[in-house]
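Look for chain A in each of the two complexes below; its partner is chain B in the first and chain C in the second.
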Partner chain A sequence: MKGLIRKSLDLCYGWLEKSPLKPLKPLLNAADGFFFRGAEVTEAAPHLRDGINLKRMFIFVVFAAMPSALAGIYLFGWRALWVILISYVVGLGLEVVFAAVRKEEISEGAFVTCILFPLTLPPNIPLWMVGVGIFMGILFGKEVFGGTGHNIFNPALVSRIFLYICFPAVMTGNWIRPMEGWGGFIKYSGDLLSGETLISASLPQAGDAVTAATPLTDFKATGELAPLWDLFWGNVSGSLGETSAILILLGGLFLIITRIADWRIPLSYIGSFVIFAFIFHGINPEKFAPVGFQLLSGGLLFGAFFMATDPVSGPFTKGGRWFFGIICGLLTVLIRGVSGYAEGVMFAILFMNIFSSLIDELVLSYRYKEFRR
Partner chain B sequence: MAEATEKGFRLLTRGLIKDNPTFRMVLGICSTLAVSNRMTNSLAMSLGTTFVIVSSSLSVSLLRNYIPKRVRMAVYTVIIATFVVCVDLYLKAFYPLISKQIGPYVGLIITNCIIMGRCESFASGNKPGPSILDGLGVGMGYSFSLILISAIREPLGFGTMMGYQVLGSWWTPWILMVMPPGAFLVLGLYIWVLRTIYPEKK
Partner chain C sequence: MFSASKSMVKRGYNFGNLQGANFSGTVETLPLPDKVIIPLKQGFSAETQCLVKKGDKVRRGQIIGRDDHTYSSPVHASINGVVEHFETFMEGHEPHFGVVIRREHGDERGFAPIPGAGSPDKTREDISEILYLAGVTALGSTGIPSFHHTSDIDLKDVKALVVNGLSAEPFSLPRELLLSGKIKEFTTGLHLLMKLFDLSENIHVALNKEATVVKELGNALKKNITLHTFENRYPLDMDEVVTEITTGKKVPDGGTPSEVGVVVVGIEEILHVYDAVVLGKPLIDKIISLGGPGFKNNKLLIVAVGTPIEWAILGNIEEGMEERILVGGAMRGKPVEIAAHPVERHFSSLTILEENREREFLYFLKPGFSVLSYSREFLSAFFKKTVRKAQTNIQGESRPCIFCSYCEDICPRRLVPHVYSKMVAFGLAEEAIKYGMEACIECGLCSFACPSKIPLLENIMKGKKELEKRGRWSHPIGLQKLEVEGKL
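Right after this comes the complex of A and B.
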C-alpha cells in the first residue's frame, strides 16, 4: 500500500514537471507531506522541537475540534456540515492560490482556521456569509502578512470579527434552539437556498428550528440563567461548536496531552476568568453573572482551548503565556459585564494578540537581561 | 515650446499614478478614510481639496520671495486656512446636505499634509505656472484615489452609487465598509495592486 502511494506520487511529480500545471506543485507537496515527509526547519513560530511536524500538529487540532463539530451537526442539523464544507472550499482555495503565486508550500494552518471558524458561527448563518468571512479572514488576517507564521491575529477570529461587524443582525440576533430527540443527524435545519437569498431585513428562519436567544444574551436582557446541566452538555442555543462544554474539554485535553497546545494559556485564561468573575459577581451580581454560568456559557472554553492557544498569534515565552491568559480572562469578564456586547471572548483574544509580541519582548528583556547586552 | 508643454503635461499627470499622494506617498489618509464611504462626499471633498491645493500653491508661489524662511509654515497655514474657509462657506451655502455629511472634514482640509507638502516642496521654489499645474496634478491624484475607493465602498456598504440603488434588494450591506476601517482594507488593496504593477524604483 505504502509503495503504491509512493509510486503514484512520483508519477505525478514527473508528470507535473512537464505539464503547464506546474504552479500547482504545492498541492502535490502537501499530499506528499501527509504520507511521507518529515519536518523542515521553521523560520518563524511555531517552532518544533521533536519529531512531530507542522502538518501533524495542525491536523491534531482538527482532530481535537471534531467532537465539537459533530456536536454542532447533532444539535443544529446537517446544515452545519455545509457551513464547514464551504469554509474549507473557500479557505483552502485561497491558500492554494497564494501558495502557487508565492511558489511556497501549502501550509496546514488553513486546515485549522477552516474548522475553527465555522464552529464559532450561528447555526443558520447564510452560507454565502461563511464564504465571505473565511475569505476576508484568511486574506487580511494571514496572507497579507506573509502567510502562516507571520500573522498577528488569529485568522479564524479575524474572519469572525469581520462578519460580526459587517452583519451584526445575523451574527448576534439570530439563534436557534437545538434539536430534540435524535437530533440533527436525521434533520436538515434551514434551507440551503433561503440562506443565499436572504437580506438583513428578513432574518433567516430555519425550517423546523425554533429561534431562541443564547444564554448570555438572555442574561443580558432579562437576567435569566440557563441551567448549568444544559450548558455542560450543550443543550442550549449558541454557535455551532461552542455549546457543549464537555466536548470542548475533551478536545482541549487532547490538545494539552499531545502537547500541541500549551496548558499555561487555557489554565491562566480560565483561572483568571473564574477569579475575576467571582470578584465582580460579588460586587455587582446584576451585571456580572455567577461564575459557573459564565464559565460554561458562550465561547469561553472554546476560545481558551482553541483560539488563545494559537502558537502563531499568541506569545511564545512561558511567562508571556501566563500574562496573556490572565489579561484575556480579565478582559472577557469586563466586556461581558460592562459593555453592550453579550460575549467578549473574541474581542479579548484579538485584543491581546496585538500585544503578544510586546509581552514576549518584555519577558525576554526581564529574563535574559545579561544575555541581551 | 514643445518641451515646455511636455514638462507641464508631466507635472500634471505624475500625481495620478506615479506620485499619487494617497496610494504612493500615503498622505492625506485621515480625510480619505473618513469621507470615501459615499461617492458624492468623495466628489465634494476632492473638488474642495483640489481647489485649496491649486489656490494655495499659486499664492505661495507668488509670495515665495516675500515669505521669511523662519515663519513659512505659519504663513502657509494662514493661506491654506483662508481657502478652506472659502470652501466650507461655499458648501454650507449651496450644498448644505453634503456639508452636513462630511461636516468637520472640510475644516480639516487645513491639516491635510498633501497641501502643506506641495507648498513646501514645490510651490515655494517654483514659478506660479508650474505650481498651478503641480497642484492640479496632485489634486487630481487625490480625487482619483478617493473616487476609486468610494467606487468599492459605496456599493458594498450601502448597495448604492451616487445615491442610486445599483445592487438589488438581495444585497446585504456590509456595515464595515461604511466605517473607516473598511477604507483601510480597500486602500490597502489598491496600494498593493499599484505597487505590484508599478514597482518602486530602488
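Right after this comes the complex of A and C.
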C-alpha cells in the first residue's frame, strides 16, 4: 500500500515536470505531504521539535465536527452529504488555484472551512448556492488577505453571511422536519417546511413547535418554545450541524481536551451569554426567550465551540480571548432579542473579528508597559 | 525590568520520560586516550600563554598555559606525555590554539598535586589561590571569582551564591545523580566557596523535587543554606532563571546573574572545588553525561580534559544512522563539527540525536504514544509514563502562523514570540522592543512547540542582531563584556 502510493507519486512527479500542467505542482506536493511526512530536520537550536503539525491540528477539527455532520445527515437526509461534498470540491479547488498562482504550498486551513460552512446551512439549500457561498467565502474571506493565517474574518462565516445577505429567503425559509427511525441514512431528503408555514404561523398542532421553522424563528414569530429535551438531542429543525447540542458539546470538548481550541472562548462566550440572557429575559420576557431555550437553540453552541475559537480571526492573548467571548455573548443576546433577525451568533462573531487585533494590541500594550517608558 | 519571577516557577515545560535520558548512578571511567588536545582557552577564560615547547615532557596535572595578567585560569596537561605539536582549530569564527600531547606511558591516573592544597582548613587567600591554580575558577557561565582575574564579578561584589542542581533540559548532565554518596564532599566544597566569597547568608541550593537525595541533602545542609526544590521544568535550570527563582533577584534582560551580584555554580563544579582544595587535584578529569537516543548506552563518564570527542563516544553510537553530536543538551546544545574536537573542561554533557529524515507514512494520523508534544493531540499526553522519542525531524511542514498561541503559552517569560517573529520579518525589530523582545532568554521552547514549524527563536535572534547593527546598546556578557570594558 505504502510502496504503491510512493511509486505512483514519484511517477506523477516525473510526468508533471515535462507536462504543461506544471503549475499544478502544489496539488501533487499536497498529496505527497498528506501521505508522507516531510524529511526536513532542524537547522539550529533548539534541536528538537514538537510532534504536532498543522495537518494534524486541522484534521482534528474536522474530526470534531464529524458528529455534528453525521447528525445533519441523519436528521435531514443524505442530501447533506452532497452539500458537504460540493463545499469541499469548490473550496479546495479554489485553494489549489491560489496556491498555484502564488507558488506556495496548499494550506490545510481550507479543510476546516469546508466542513464548518455547510454545517451552518439550511438542509434544503440549492446545491449550486453552496458552491457559490464557499467560493465567495474563501476568495474574499481568506485568499485576498493572503491565505490561511492572514485572514481577518472567519472564512466559513464570510461564506454564510454572503448567502444570508444575497439569498435571505433561501437562508431563512428552507427548513426540513427532522427525521426519525433510520432517518437520513436511507432517505435523500426530508419534508420541506415552506417559507409560508413560517410566516403565516399555521402551527398545525399547538404545543408541537418542532413542526414549524426553527425553534428561534418560531419564538420570534409566535413566542412558542421548543422542548429543551428535543433541543438537547437535536431532533428539531435548523441548520445541518447546529441542532444537536450534545454532539456539538462532544466535538467541542474534543477540541478543548486536545488543546486545539482555547477553553476560554467557549466558556466566556457561553457564560456571558447565559448571564445576559438571564438578565434580559428578566427585563423583557416577550422579546428575550428563557435562558435554557436560548442556550440550546440556534447556532450558539456551534458558534462558540467551532467558529469563535478560530485562532486566526480571534484574539490570541488570554485576556483578549475572555473579552472577545464576553462581548460576543452580549451581542448575541441583543441581536437575537432586539433585531429583526432570529439568530445573532454569526453577526456577533464576525463583528468581534474586526476588533480582534485591536483587543490584542490593548492587552499587549498593558502587559508590556514596562518596555515602553 | 519585567517582573515575572512569581509565575516563573510554574512555567516552563516538562519533557517527561525521554528515550535516552535514563542514567544509572554509576560512573564509568574512560581509559586515557593516546593523545589529547588541550586548548589554551577553555571555559570562562581568555587564551593563556603557552608554557611548554614542542618535545617537552609534561606530567598529568602540570600547568601548561597560564597568564596572570588577563581574565583567565591556568590550563593543565591531562596525561603524562610529550608535547607533539601545536594545533589551530576553529570554534565558531575564532581560531583557538591547542597543545597536542602524546601519551607516553599506560593508563596512569596519578597527577601533580596543587601546591598548598590537601585539607579543608584553608584561609580565603589559600582557597582562592588553589582554585585558580586548579583551573576550577574557569567554570560556571561567568567564572568563579577569586583574588585573581577569573570572573566578570569581583569577590567583594558577590552578594549571593546559587548552587544549580537542576537539569531539566533534555539530555543535560543529570546533576542530582552526582550527589549520591558525595553529600559530604558537596557540603565541604560549598563551605569552601562560602568562605571564599565571605558569605554567611544568601546561599541557595536548587534541586529537582523528585531527586532521591533531597532529604539527605536537606539534613546535611546548615541552617544558613536554603534548599529549594522545583519541578523538573525546562528552562528552570538556566542560570538566569535559577537565580530568579531562588534569590528573587531579576537578572537584567539579556544579562548574566553576576550583574545582580549572584554567582551560579553547578553541583559538579562544587565537587571540583572539593577535589581541588581537599585532594589537590587540578581540573584534568571531567564527568560528562552521554545522553540522547543516539547512544547505545547512556551513562556518566569520567573523561580526561582534551580527550577527542570521537574517543569518548567510540563504539557507543547506534549503528546505521546519521547522527548529530551536540555539546550540551538538546535544546541549547552546540553541534560538533569535527569529531576530533577535544572535550573541554567546561563541557558537562554530550548528546547524540538521530537526523531523522524518514518520510513516515500517514504521520499525522498516528496515535502517538511515543510522540513528544506540548499539545494534547497525541496519546502520549494522556499516558504520562510512556517513553517519548526526541526527534530532529521538524515533523511537519512550514506554514504561516495561525495565532494558535502555543508559543505564548509555553514561553517561560510570558512573551509573544510569534509577534516578534513577524515584526522582525517586516524589518520592525525596534517595534518589537516595545513588546518585550529583549526579555527573551533564548530557551527555544517557542520554536519547539510551534505547530507551523516557524523557527521563532532564530527569528528573534536575527532581530536582536539587527538591533545591534543599528546601534542599539547591546548587552555583552561574560568575556565579551570584559572586552568591551577594556579589561581584557
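A few points about this structure:
Everything that follows uses one rule, which is that the second predicted complex is superposed on the first by the 321 of 373 C-alpha atoms of A that agree within 3 Å, B and C clash if a C-alpha of one lies under 4 Å from a C-alpha of the other, contacts with A are read in each partner's own complex, and residues count from 1 in each chain.
The rule is short, and it goes like this: a contact is a pair of C-beta atoms (placed from the backbone, for glycine too) under 8 Å apart; a residue touches a chain by one contact, two chains touch by 3 or more.
All figures in this text were calculated on a predicted structure; none of them were measured in a lab.
In the superposition on chain A, A:Ile260 makes contact with chain C only, while chain B stays out of contact range. In the superposition on chain A, contact of A:Phe140 is made with chain B only, not with chain C.
In the superposition on chain A, the chain among chain B and chain C reaching more residues of chain A is C. In the superposition on chain A, A:Phe316 makes contact with chain C only, not with chain B.
By the touch criterion defined above, A:Arg367 reaches chain C but does not reach chain B.
Once chain A of one complex is fitted onto chain A of the other, the partner contacts of A:Phe60 are limited to chain C, with no touch recorded for chain B.
By the document's definition of touching, of the two partners only chain C reaches A:Thr148; chain B does not. When the shared chain is aligned, no partner comes close enough to touch A:Glu286: not chain B, not chain C.
Here chain C touches chain A in the complex through residues 1-3, 170, 324, 326, 330-334, 353, 355-365, 368, 371-378, 390-405, 408, 414, 416, 418-419, 433-436, 438-439, 444-445, 447-453, 455, 457-458, going by the rule given at the top. On the chain A side of its complex with chain C, the touching residues are 2, 5, 33, 35-57, 59-60, 105, 107-109, 147-150, 257-260, 262, 311-312, 314, 316-317, 364-365, 367-368, 370-372.
The residues of chain A lying in touch with chain B in their complex are 126, 129, 136, 140, 144, 162, 165-168, 170, 197-200.
The residues of chain B lying in touch with chain A in their complex are 169-177, 179, 181, 185, 188, 192.
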